[in-house]
Amino acid sequence: MADNIKTSSYDALVIGAGIAGGEAALNLANNGYSVLLVEKDLSVGGKMILLSKVFPTLDCAACITTPKVSEISRHPGITIYTGSEVRRVVKKSENNFEAEVVKHPRYVIEDDCTACQLCEQACPVVVKDQYQYNLVGRKAAFIPFSIASPRVAAIDIENCTLCGACEKVCPTKCIDFTMEPEEFLVSVGTVIVATGFRLFDPLNMPRYGYGEYKNVLTSMEMERQLAPTRPFNTILRPGDGKMPDKLAYVLCTGSRDATVGNPICSQICCMYSIKQAQLLMGALPMADVTIYYINIRSFGKGFEEFYEQAKGMGVNFIKGKIGKITEKENGNLVLRYEDINENRLREAEHDMVILSVGVLPNPDAASIFQGEELKLDHLNFIGQARPLANPSETSIKGVFVAGTASGPMDIPDSILSAGSASSEAMSYLIRKG
Amino acid sequence: MEEAEKGKTSRYLRDKKGVSEEARENLKKFTRIRKSILDALKEGEMTIAQLSQKLSMPGHEVVFYLMTLVKYGQVQTGEIDDMDEYYSYKLKK
Amino acid sequence: MEKKSARILVFSTEKISDPAIDMAGLLKLHYPPTVYTIAVPCSSGIKPRWIMHAYEQGFDGVFIAADGSDCTYGESCTEKTGRLVEVTHQMMKGRNIDPARLRMAAICSVCSESFVKQIKSFNQYLLQSTKS
Amino acid sequence: MNKRLGVYICHCGGNISDYVDVEKVKESIEGEEGVFLAKTTMFACSDATQKEMVEDIRNNNLDGLVVASCSPKLHLLTFRAVSERALLNKYNYVHANIREQGSWAHSDDKAGATAKAIQLVRSAVAKVRLARSLDPIIIPSKKAVAVIGAGVAGMRAAIELSDMGCPVTLIEREHFVGGRTSQWDILFTTNQTGKELVTKLYNDIAGRDNITLITGAEVISNTGSIGDFVLKIRVTPRYIMDKCDENNLAKAIEVCPVVVPDNFNFTITSRKAIYHNFPSEYPHYPVIDIENCTRCGECEKVCKSVDFSQQEQIVEVNVGSVMMATGFDPYTPGEGEFGYKLSDFAVTLPQFKRITDLNEGRLVYKGKEIRNIAYIYCVGSRQSEGDNNYCSRYCCTSAIHASLEAKRKFSNISNFHFTRGVRTYGKQELLYAESLRMGDIYFQAYEENPPSVDVNNGEISVSINDIMTGGREITVEPDLLVLVTGMVPRSDNSVASIFKLPKGRDRFFNEIHMKLRPVETVIDGITICGACQGPKNITESVNSALSAAAKSFSFVNKGQLALEPIIAEVDKETCNWCGKCQEACPFDAVKMVKEGEKEVAVINNSVCKGCGMCLPVCPVNAIDLIAFSDNEIENMIDALSSNI
Amino acid sequence: MAAVNTAFSRELSKFGAFDFNACYNCGNCTAVCSLSNETDSFPREMIRFSVLGLEDDIKGSLKPWLCYYCGECTTHCPQQAEPGELMMSLRRWLTSVYDWTGLSGLLYRSLTATVAAMTAVALGVLAYAFHEDLHLEKIMHTGHLFEMVAIAAVFSVILLPNLVRMWYFIILKPGLRIPVKKYITSLADLFIHMFTQKRTLGCDDSQVRWFEHLVLVFGYLGLLFTTVFLDWFSSDSAFVITLGYVVSIIIFTVTIIFVGERIARKREMNSKSQPSDWMFVVWLFLMGISAFAVRLFSDLGILESNTWLYLTHLIILAQWALVIVPFGKWTHFLYRSFAMYFDKLKKS
């Protein structure tokens, strides 16, 4: 393999092409720097591109993301590797980092694919569609989602039966199973870590019955049901296909909860739940939506007004954390909680429950840095060396952090943090160390 | 290794690494379920609850596979019932 | 032949009301297909003569989907749009055109439902008034 | 007139073609005047189709392009870029929205949707026939940035810009730098003090040649726009010479007979007319508050550095971009609002922070030792009646942090928090948890039923119907009542009105788009950051400051700028200056110019935003907006009203 | 209108409560508690009262006695505010409130005082024994007499007045009026709860705990009955002798299990044991095993030469009867049953 390693150099390496990484890359490129943007997923845009609408403006997430994404993908200063991983980053000296990047085979020649989807039609295999959060299936030959960028097919080699049907129908003959992983050795002047966050997995909270009770969903699953490219084309209970009319949001699922190891507030769940509640009131005019909360944290610009607006629309807000959920025979769910206002234990029946899952650190990022250690904070987010005056500095000089890799934040804050990281990266490059 | 012919490369990889049992099983399962759902719908429109009963398949599995068939254009959504609760589904002509 | 729907020309604004009209489509909120939209930068930049031209070309009504207080070009937008509507109303009276065939409403960037409601009622009005 | 047009009608993978007969649209458009080729495509935005368009344009020498697809908000820029790649001027591209305003809006009426699509495409064709090739307006841009406000955001931005090699003028209205941060003692997250942070930043700034710091300075006018702002700045002198003996100055302060409330300490203490805020304040030497000075001359007697002959100066600064970092004011409660002004022992949170900073060992205020402290939250924020509907974001954490610091610094402190629901978002939650564990007591009420304050013979009592205790009325009699005041926009609005900066509903400066362009304003070349944009803590302010620095830098770093050429145009023949357009223009882009004998209106290309507000007011119809001319609009209307 | 008393949480910490100030009032503890219901929602309310120091409200509440400490609340508390332990501590505190002598509170708060009291009783027994020249028969006779007198005295002088005080706080002070007839018709509940603790069955954890407890109660009452009324140590009846062996075996096996669990900290409720909890179960064990040994030695005819054994048993017995029963954890047995009784009365 050693002979096949390609070498190249850029001014900056940005790890993660979510909204923060994308913004940071654009800022750098717009100021004349060359950027390598590496994304482990098949499409850029991170979690945001999969959202329905965004608070508090209710802009459609895709409509904000796609112009950015297309600007990123067309920018002559930005090279994007999707389906790729940064294996190792070593700091050789100031303004001189060496990174090992592996591009996993997509088994489709990107330049030749016209996204005609004939391969997808032809493929006989159906597996869970991770981009629809497993609510429906997808083929083993597939385009990740309709607004994916690049909008190019890929083969899910784990599940492919290598029947060759896709190859037969492909008009441009762009499917190629002989592809091998490509390795790149890249030298860069600075690195921006924008590896984002993980969502809390509610399987770790068995008392909420997620996984066992099919009508208990995570907020991200609901987000997909509400998105323009939604899986059911309407909102249905995954348990039996019923249109729900009494929905509940369980806030602080996996946040502010020491028993699951996450004592901090995830900062976004209150607002995205309020947003989803508003969208649900629009999509299902007859439905009741109740939000069970400990404290509503609508702290940002326009957030409090957005919360008031939801109350005005008739969303119920009940102060009390849900203790446990049980399922009835008809698939409805009984939620047990203490209504703090009434100082009383209550049980409420809902036909669909959405767990507003919190933000957890993404542990992958730190381990790729060799030599100098990229320090994490005590919550396992990327540590900020000087959080007040230099919020994007990390323990390694010349490595900067953008977005939720350093802690929970909403989209505007992620974008500002990306601006901050790119700004510091630029002055680091100009200063020469 | 000889160069695989363009458009027939799947064979190359099949020879090289084979296909996992899991992937095969998964394909068989889907093919079987798809057939059973499509056969059931040949008899007429059905709701998910009805399909679930007829095929003795848990509701959530019916939702998953049926919606996948809707997504790939083999089944289409019909009318919603009077209670505005369940849609019925039919074969796409 | 009786018309099913009135011909309405909508002046929307690129940054504020046009996105709302887009969203109406996205949400599949239906309105008559004889409603056409021309997007301009700001509702206070619509010339009365364009509106008059539309009537001459057979449009039953003109609807200004104004920026309202959200206008990115400044707070004076509402007032200025109001003034041009006033001027146009005068011109319409001069030519014996029912002033109610010009309507204006502030449509914010997420006011899809309100847009559709407005258009439907305008359409109703126009159908009724042309019948009589 | 464009004669060779290419028209592409998109299926959008069924999104359009399921409801609109795209083939029919294509057929009916083929016969239109000037249409050279018409095609349908599955996805117009796919790379493959884009490549095809480029080739079609080049091979056929097309001079106009229409794509009928989704909303222009999504892909206008995409197809403009396609035109450019085909060497066709991008303003010869016109977008027709037949999805959001076609197939989707009329999915209930396929025939109607198809008819509408045809007319929409025809009107786009009518427009593109008249389209002109336009070049962006290129203007030189001065490689320098003015940062207004030397608080933590402004200082940090200045350093960053300086690092990027961009000269900076840092303008501070006060005589000392550091803004609000210099007023705080220990800060949350790092345990640094505000003073330490400001000191570090100041030293950093002082060591740089390309940052000019002007204190006591106020921007009084701007005659310029992006790339070339010309700011006039009034600089109030310190009345003290640069090189001065500190001992003598200390004496001068001592002898000054004038005593006024000290705003640095939020008026809880007083100072002299010659003063500095704290001993190591930056810049190092004091200043004479000339408004309150009686010119008694006592200070001159003990200190040679005092110099009353210094004069106010007007400085002119020329920069390519301006950054606003003017910060916030703490909310001032109304008289009687939660007992404010009714008792000496009702203070605001900023005052409380100064009180704890100024005390050592025991917490004493106005001669009384303070043991029990009550905090009322959301004072001036989340008002159900009042102007401030918004949440001020920082105050929960700030109050909890201040109360914990008081507890750590002084013995026997009990804290009682009267909240509206604690909002320690993110990692700040840990502070709340710590506060609870330290025994602080929290109450909560909703907006309808806020806590009430009684002042009786100087004794304060605070009562609340605590929802966490089943709505029971609970009363605390504190020694000190702290009103946790929120952030409000600066009361002095003069800078904003000079630049005509728009404000949001909350009266803070408004960005163009919270997510797409979060630090830019509708006034090109002016960026905003820190708390002048809305409540923020220090980290958040700095993040926005650095973002704004990068943005401002991008306006100036290339030495020139390209501006959108869609602006107003005056027909000098028809115009006979009446001034109405000038009145209508919100950006001051119209000037009267004498052309020989005639007075005519002239548009300043680099200032005009192309809103068109000047169009309808012209009594002789002498103004058109490029790309929205009478001819274009009327032809579009004609096309829309044509028969199918 | 209520005033806050921050001193109370410091006071409560002496009874074993800790970290309950961390509570942010989410109500999760109440929601996961299977004994909590719409009419009686706890433990959060009790935590809140404790944080604010609303002593009167706690005194007037039966909720601390309605909790059987399965530990679910503590396991799931997002703030790790130890609600279960708080409820336990409130029971200890209430015991001290009900106790007119004030000794309960002293013993709970101070380990030194407890050790001193236990030592004093032991020394008293020894002093008496030496006074009688270690004459076994005499001592045994007095021992049996002591048992009867102690039970009567402790109950009438200490426990009965304390129950009246409890009644005062729960029923009289809040101004509840309950017809006498109700007192009589509700008695059944008192006894059912006293002997079966059937409420524990509603708890979420395994029912083994309830069964063990039930067996222990019957074992304990059986031993009491056999030794005091059937005079087991001196009896010749084969039935009585066997019965005594059986019940004492029950006591020490069950208590061994309990001690083992406490050491292993298997259950949430076991993880934060206070000295009073240890003492209760250890002394119960010692009682069982020493009584067993005394009778065994007597049957083997070697008790005469082992006077120390009976003395040990008597010391344990005296400590039990004079310290643990009137002032220690034993009282929970009584107060809990009466709590259920009063609860029934209140709701009538």
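All chains are identified by letter, namely A, B, C, D and E, in their written order; residue positions are counted from 1 within each chain.
Simple rule for what comes next: a residue touches a chain if its C-beta (ideal position, glycine included) is under 8 Å from a C-beta of that chain, and two chains touch if they have at least 3 such contacts.
A quick note: this is a predicted structure, and the numbers were derived from the prediction, not measured.
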Expressed in steps between touching chains, what is the minimal separation of chain A and chain B?
1
C-D or D-E: which has the larger count of contacting C-beta pairs?
C-D
What's the chain with its C-alpha centre farthest out from chain E?
C
For which chain is the distance between its Cα centroid and the global protein Cα centroid smallest?
A
Centre-of-Cα separation between chain E and chain B, whole angstrom:
64
Using Cα averages as centroids, what's the distance between chain D and chain E in whole Å?
67
Can you check how far apart chain A and chain E are, centre to centre, with Cα atoms defining each centre and the answer in Å?
55
Just the number, please: Cα centre separation of chain A and chain D in whole Å.
28
Residues of chain D engaged with two or more neighbouring chains:
71, 73, 422, 433, 468-470
Send over the residues of chain C in touch with two or more other chains.
23, 26
Show the residues in chain B shared as contacts by 2 or more other chains, in ascending order.
none
Taking the touch rule as given, give the residues of chain B at its contact with chain A in the complex, in rising order.
3-4, 6-14, 19-20, 23-24, 26-27, 30-31, 34, 47-49, 52, 59-60, 62-68, 70-72, 77, 80, 84-87
Looking at the complex, which residues from chain E come into contact with chain D?
1-4, 6, 9, 19, 21-25, 45, 48-49, 51-52, 54, 79
Chain D residues within the chain E interface of the complex:
414, 416, 422, 432-433, 436-439, 441-442, 444, 463, 468-470, 472-477
Residue numbers of chain E touching chain A in their complex, please.
24-33, 36-38, 41, 44-45, 75-80
Using the touch definition up top, name the residues of chain D that touch chain A in the complex.
13, 42-43, 45-48, 71, 73-75, 77-78, 81, 152, 156, 160, 163-165, 187, 189-190, 192, 197, 200-201, 382, 389-391, 393, 421-430, 433, 467-471, 504-506, 508, 514-516, 518-519, 533-535, 538-540, 542-551, 553-554, 557-558
